[in-house]
Every structure is written in C-alpha cells, then in structure tokens.
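Both complexes below contain subunit A, partnered by subunit B and then by subunit C.
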Partner chain A sequence: MQAIDHYAWTNRWRNRHPLEKLLPALTLLLLTLVLPPLRIGPLALAGTTLATVGGAGIPLKTVLGVLAAPAAFLLAGIPFLAISLSFNDGFSLHFSPDGLQLALETSVRALAAVGCLSFLTLTTPMADLIPLVRRAGVPAGIIELILLIYRLIFVFAERALTGRQAQAARLGYSRFDRGLRSTGLLAGNLFQRALARARRLEIGLAARGYAGDLKVLQLEWPLSWPRLALAMTLVGLTGLASGWI
Partner chain B sequence: MTAPLLALCGVDYAYPNGVMALRGLNLTVAKGQKLAILGANGSGKTTLLLHLNGTLQPTRGAIRLDGQPVRYDHRALTDWRRRVGLVLQEPEDQLFAATVGQDVSFGPLNLGLSEAEAREQVNEALTALEIADLADRATHTLSFGQKKRVAIAGILAMRPELLALDEPTAGLDSQGVARLLDALQQLHETGATLVFATHDVELAYAWADQVAIFHQGTVLRQDEATVALADRDLLRRARLQSPLLLELAQLLPEPLLRSRDALLEQLRRRLKIED
Partner chain C sequence: MHIAEGFLPPLHAAAWTAISLPFVIFSARRVTRLMHDQPQTKLLLAASGAFAFVLSALKLPSVTGSCSHATGAGLGAILFGPSVMALLGTIVLLFQALLLAHGGLTTLGANVFSMAIVGPWVAYGLLRGTQNLNAPLAVSVFLAAMLGDMATYTVTAGQLALAFPDPASGVAGSFIKFIGVFAPTQLPLAVVEGLLTVVIVNFLREYSSDELQRLKFLPEILTAEARL
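Let's turn to the complex of A and B:
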C-alpha cells in the first residue's frame, strides 16, 4: 500500500490532469468486461503495463508486485472452476474442458481489469480524483469521509507498526498465544487512540474556523485535449485489434 | 493606556470530572510582545492555551479581547479564532487534507475568502515558513519537522494577530528549532504577537520578552524574562531550573548577555585573561 501511494505521488504522470488517466483506464476496463476476454485481456494487460512502466516510469517490479496478489487468488480459483463436482450417480469429480475454458477466460478478464485499475492507482493519487468525484455529483459528506479516511489510514498504519514493534521488543510475539494477546491489546489501544485523536482533531480544526465543512483548494492541472484524444485512440485501437486476432 | 490584546482575570477552570485545572489565573498578552508561558509537564499549559482561542470556557473569571469581554456564540468565536491562532503541539492533530497546499487553504476558505485570495494567503504562509516547495507534497510523506511547519502555516494563512503555539520546539532537532525560531522572529518583526507554552527555560530566556511562570493551574509571576527567570526560589517552586545562560551571565560583571554566542565569546575572553 505504501509503495502504491509513493508512486502515485511521484510518478512521471503525476502532474497530468487526472481525467487524462481516469477516462482511458475506465474505457479500457469497460472493453475488457464486454469483449472476448482471451483476445482483449492480454492486449489490455500489455497496454496498461506499457503505459505504467514506459509512460509513468514506475518500475516493472512494482507493477508485477501489485498484480501478484490478485493473480494468486485467481490461480487458486482455477481448479474450482475447471473441476466440477457431481452427485448424480454417487459422488464424482469431473474435469471439464468447458470448465477450464471458463476458468481461463474469467482469470484473464479479471487480471486485465486489475491491470486497468492498478494503472490508475499507481499513477493518480486519491486527492487528484476527488475533484472529478465531486463533479460527478457525489455528496460533500461522503467526499469529506474519503478525505479523512485517506489521511488517517497512514497515521494509524504508522501507529500500528510502531506499536507492534514496541510490543515485539518486549517479546509480545514470542509465542503464538502471546502474539494473539498482543494483537488484541494493540487493536484495543488503537481504537482508544482513534477516539482521543478524533477529539483533538476537532479542537485543531475548530482553531482554524471549522464550521462543518471541510473546504480546501482544489488541485488544478491543465487538461491536454490532444493527450486525452491520443490515449482514447490507443484504447480504441486496442479494442479493434482484439477483433482481428 | 490601551487595553492589552488579550487578558485573563481570575480564571478558574474545572474539568467535567471536577478536577481543577486552572485556579485564579491572571495573564495579559500585550500587542506585539513575545510571551513564554513556562511550566513543568502536566502543569496545565495546554488547558490554558485552549482558553486563549475560546476552545474551553472558564468556569469562573473573565477573558477580555481588546478590553471587551469575550462571548462564546458562533459568530464571536469565529472572529476570535481569526484573530487568535492556536497551533497544537501534535501536528497530526491539525493536518487532515491530502496535500500541504490544500491543508493550509482550509483556514482561509473558512474565513470566506475567494479561491484566489485563499491561494495568495496560502503561498504567503508557506513562504514565510520556507516550505513553499512542499505545496504539492502529500501530507503523510512529510517529516515531523515539516509537519510542524505546515501546521503553523495552516494557522498563519489566516493572518492572526496573535499566534499561540503549544510546545513549538518539542520533538525538533537543534537545527529544526533554530529554523523555526528564525521564521517566528520574522513574523514577529512584521507585527505578530507570539505566545508559546514551553517547559524549556533556556528557550524562554533566549527568545521571550516576557515570561509567565506557571504552576499548578496558576501564573505565579508574569514579568520581563531576565527578571522572572532570575527568581530562583520561584522557579524551584514551579519545578523549574533557572537557565544556564542566565546563571553564567550573572557571573560576569557586564550587563546580561542573552545570546549564547555573545556570552561564550565573553567567557572565552575572560578565561584567557585570567589564565
């Protein structure tokens, strides 16, 4: 998570208008969901990887790392789709070619979709997407919630990490049962701290004139129509190309 | 004589659980001064600061802003907090937005400024604290010292007349402290009134015009820094120690030297002569 966030804030395409990244990514995502997966899938995955690595300058290792976790889940799911269980005459396990085909299609489609989204998350920090979400008509209350959660995740991830390290230094994880106990204590402690912190944040915000509305200046990037058009054309070509293969 | 910018007279404050945090506290903040509220850990300094911008309301006693008794209705509080900016000790308690520039813009926008005006005040505050280059950085990737500056900038961008800081130097390394004090000195020269709570007698001696010695919820004495900090008995009562620089300076026949370098220079010269 920390790595994704780091690259989102520092990649070469950080200062591009978020729409230039969001629109192509979502369009390609849509294509992978509606077109035949074995054709569009590999193309989409190659395209997003090329854009993430070659365009935004994010190391291939990081991209593969982000894809690895969902890929592992998909891999683990293949046997369950490929092998069917039947109770017709007693109990039997069938290996069905149709099932294998289905499993393959599902996995490729899902992986390609993850590729589109990871391109977006790796190149665009959450903060940049907020103005678009706002313009799309999401209520202010929900946007404030997103903002606060985004900010607090990092505060608590850090507290949880240092808390765990401090417990480990006092041998809190030296045995399985101690580890369970320590984890419980840490969770309880983080909960209390969250409440105390919320109260102090309220004081801090009140000192700055908080009146029930978390207004901040919106980030502004110039939108380049030619770049957006180019990206959309490439996405369109990818869709067409999948038809010719 | 003009009324002080902010005055607390006979202020008592009891927590909801009945524990008295402030008792019969008197404090005046004159316009343009640098005042240090000096007290040991747990003496109630933060509680006192929370009274300076109306976060807490005294159970007894009066607070006057420009000689006028304060009110606690929404409009009065808004105006009060525009004039008196409070920076909490823990910057994490104050920062909430995703980027530095956005976070600093929160206060100005709450004052009802237009986006252009807010942007200008944000830039001005970031420049004053020498962190203009951080404007587009993600808040959670900053170092502690940087977060501290951003928290101060967030208040500064509201252009308060009085800036109150809770333990501003806590957790900073010596270079961080020096840079922060430089920035605060610049602000002071442009007319800002500064109040800070600290337990650091050396800092109070080097930096403040006036010192309020604070102990168990009350100000024992508010006076010129060189006078109040020379009162060893009083400091002992407040569980504090007189500053080393002051002790050394008193050993010299020359008038009090408050700068570390000037004092060391004097001492070096003296020791050489007497060798």
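Let's turn to the complex of A and C:
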C-alpha cells in the first residue's frame, strides 16, 4: 500500500493532468475485457508495463509486485476451471481441454486488466483521481468523505503497525489464542482511537467555522490535448493490432 | 475473497454492477442526509471507513499459517447497520482495489454485492433475530460475524459459478467446485473472524460505551445493559 501511494506521488508523470492517465487506462481496461484475451492481453500488458516503467519511471520490481497481488486468486481459481465435474455416471472429475483454454484466457485477461489498473494507481495519487468522479454525478459530500477516509487510512495504518509491534514484543502473538485476543484488542483499541480522532477533528473544525463542507485548494494541472490524443491513439492502435495477430 | 480485476467476463461484471448500484445509491442518499442533518457525522463516518480498511488489512492469526484477512463486514453491520455499510463498504473496496490491488474496478460491483450488501445484511439479520430470541450477546455477535462471512463466500462462489459454468455439469457443478475450494480454507477463517468480532465488541462495550452511544445509527443492543 505504502509503495503504491509513494510512487503515485513521486513518479515522473505526477504533474500530468489526471485525465491524461485515467482516460487511456480505462479505455484499455475496457478493450482487454471485450476483445479476445489471448490477442489483446499480452499487448495490453506489455503496453502498460512499458508506460509505467519507461514513461513514469517506476521500478519494474514494484510493478511486478503489484501484478503478483491477484496471482493468488488466479492460482486458486484456475485449476478448478480446467477440471470438470460430471454427474453422468455417479460422480467423476476429469480434465477438460475446453476448461484449460478458458482458464488460460481468464488469467491472461485478468493480468492484463490488473496491468491497466496498476498503471493508473502507480502514476496518479488518489487525491487527484477522486475529484474527477464528481463529474460522474457523485455528490460533493460523498467525495469529501472519500478523501477524508483516504487521509485517515494512513494515520490508522501507522498506529496499527506500531500497536502490533508492541504486542508482538510482549509475546502477544506467541500462541494462536493469544494472537486472536491480541488482534481483537488491537482492533478495538484502533476503533476507540478512530472515534477519538473523529471527535478531535470535529472540535478543531468547529473552531474554524465548519458548517458542512471542507474547503481545500485543489492543484490544477494543465490538460495537454496532444498528449491525451497521443495516448488514446496508442490505445486504439493496441486494440487494432490485436485483430491483426 | 475479492474477485480479481478482469476475472469476470464483461457481461457478468456489468450485470453485478447494475445489481449493486441501487443499494449503493440508496445508502449514499441516507449517508448524505445523515451528514446534512449533523455535519460531524462526516468525520465519524470517515474515521469508521478508514478503520474498516485498516481492519481488513490486519493479518488474522490463521490455523494453517497462511496469511488471511478479516472482512470486517460483520463488525461494520453490527456497529453502523447494513444501510450505511453498503456505501462505506463500497468505498473501502474501492481503496482496496486502488491501493492494494485486491479486487478491481470492473469486478467492484460483484465484490460490493457479496461483501458490502449480502454479508452485512445477513450479519445484521442474524444479530437482530438471535437477540429477539434472547440469546446471549456474545453468541449473537459470533453467529452474525461468522455466518455473515460464510454468506459472503457463498455468494462469491455463486458469482464465479455463474460466470464459469462447468462444461459437463453446468452452473451447479461449478458451484460445488468453488464451494469445495472455499469451504476448507474459508470456514476456519469465518470462525476466527466470529471469535475476533466477539473480542472487539466486548472490548468496546467495556471501555468505550460513551463513544458507542454517539453512533446514532447504532443498534441499541450494544449500549443496552449487558445480557451476557
């Protein structure tokens, strides 16, 4: 989590207008879902990796780390697509070639889709992305709520980490039942502190005349139409190229 | 168990999004009204949402030694009620997709349906139902959190079965396969989450009943006199 957020704020494309990254990434994501996966998948994965590593200057190791996250899900699901269960003569399991094909297509599609998503999250901080959804009709209050949650996640994550280290140092995780109790106490404590934090924020804001909306300065980057057009053309070409192969 | 980005075929992804949308919109309306009536609710909800995210990222002690995570849906439903959880859960799932690469944008609808809608409603229904039967609070909370978890996994297995029917035995066979994978791995996890939720609720009742009373949308069960 820290890694994704760190690169989102420090990468080479940080100062580009978020729409220049969001629009191509979402379009490519849509294409990987709709077009035949075995054709578009490798192209999309290569394209997004190239853009993330070559363009935004994010280490390849980090990109691979993000791609590995859904790998566990794929590993759990794939064998069960390739094995077929039949009730015809009692109850039998057998290997199915169609299932294997489906499993292969699904994993390639999922990896390519994660590639698109990780390009977006590694190059664009959430704080830049979320205001964009306001145009999609999400009420301003909900957007503020989302941004507040984004901020507080990091505050609480640090506390959770510190608390866990302190518990571990006191042998709080030395046995299964102790671990369970420690985790419960940690979570309960965290919730208590979350409520206390909310109350302090409330008092602090009330003292500054808070009446329901938080006024913050939103950094505005100039939107470069040529860059956006170039990115969309590349995405379009990727889609077309997949029909050729 | 989050369904990974791009795992569902496009039609299924779109259908689950369409199914989840009315619930989330209803929840968003309710939350907007709550925040409008009482501006400080926004901060409370924000703290709760961030808490839910961090809770879901806490590693659970696991029997097999593998790393596993709590869903927090049961606790959320107990503390805030299911109609608020639909929105909070959606926001948490969005952050999990974007910050942790767990789940995804295209599968958000399917994940919201299993984790932010079905799980919390089942947990809440069980909590209410067992409380009406005068069950001890610890038993109610355990059942709510554990069966809420199980409901989530069953729905996820159903979603995967619908998307990938077995070539020989169709959706039913596929459902049995996916449940077969989930049962041995997720059943112990659901029990652990049930126990964990009991520990958390007991801790909160003991040490922060004042704060709990500030949660206006909290079922009165938790703040009422102990019935342990």
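In this text, the second predicted complex is superposed on the first by the 245 of 245 C-alpha atoms of A that agree within 3 Å, B and C clash if a C-alpha of one lies under 4 Å from a C-alpha of the other, contacts with A are read in each partner's own complex, and residues count from 1 in each chain.
Here is the rule we use: contacts are C-beta pairs under 8 Å (C-beta built on N, C-alpha and C of every residue); 3 or more make two chains touch, one makes a residue touch a chain.
Because the structure is predicted, anything quoted here is derived from the model rather than measured.
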Side-by-side fit of subunit B and subunit C on subunit A, or clash: fit
Touch count on subunit A, higher of subunit B and subunit C: C
Subunit B versus subunit C as contact partner of A:Leu205, first or second or both or neither: both
First (subunit B), second (subunit C), both or neither touched by A:Leu217: first
Partner chain in contact with A:Asp5 - subunit B first, subunit C second, else both or neither: both
First (subunit B), second (subunit C), both or neither touched by A:Arg181: second
First, second, both or neither for A:Phe191, with subunit B first and subunit C second: second
Which superposed partner A:Pro125 touches (first subunit B, second subunit C, both, neither): first
Touched partner set for A:Leu64, first subunit B, second subunit C, both or neither: neither
Shortest CA-CA distance between subunit B and subunit C [superposed frame, angstrom]: 9
Subunit B/subunit C common contact set on subunit A: 5, 126, 148, 150-151, 155, 197, 201, 205-206, 210-211
Footprint of subunit C on subunit A - complex, ascending: 1, 4-5, 26, 29, 32-34, 66-67, 69-70, 73-74, 76-77, 80-81, 83-88, 94, 96, 98-99, 102, 106, 109-114, 117-118, 120-121, 126, 129, 138-139, 141-142, 144-146, 148-153, 155-157, 160, 164, 173, 176, 179-181, 183-192, 194-199, 201-202, 205-206, 210-212
Contact set on subunit A toward subunit B in their complex: 5-6, 9, 125-127, 130, 147-148, 150-151, 154-155, 197, 200-201, 203-211, 213-219
Contact footprint of subunit A on subunit C as seen in their complex: 1-7, 9-10, 13, 28, 31-32, 35-36, 39-40, 42-51, 53-55, 57-58, 60-61, 63, 75, 87, 91-92, 94-95, 97-102, 104-106, 160, 164, 166-169, 173-174, 176-178, 180-181, 192, 195-200, 203-204, 207-208, 211, 214
Interfacial residue positions of subunit B with respect to subunit A in the complex: 50, 53, 55, 74, 78, 81-82, 85-88, 90, 92-99, 101-103, 105-107, 109-111, 115, 118-119, 122, 136-141, 154-155, 158
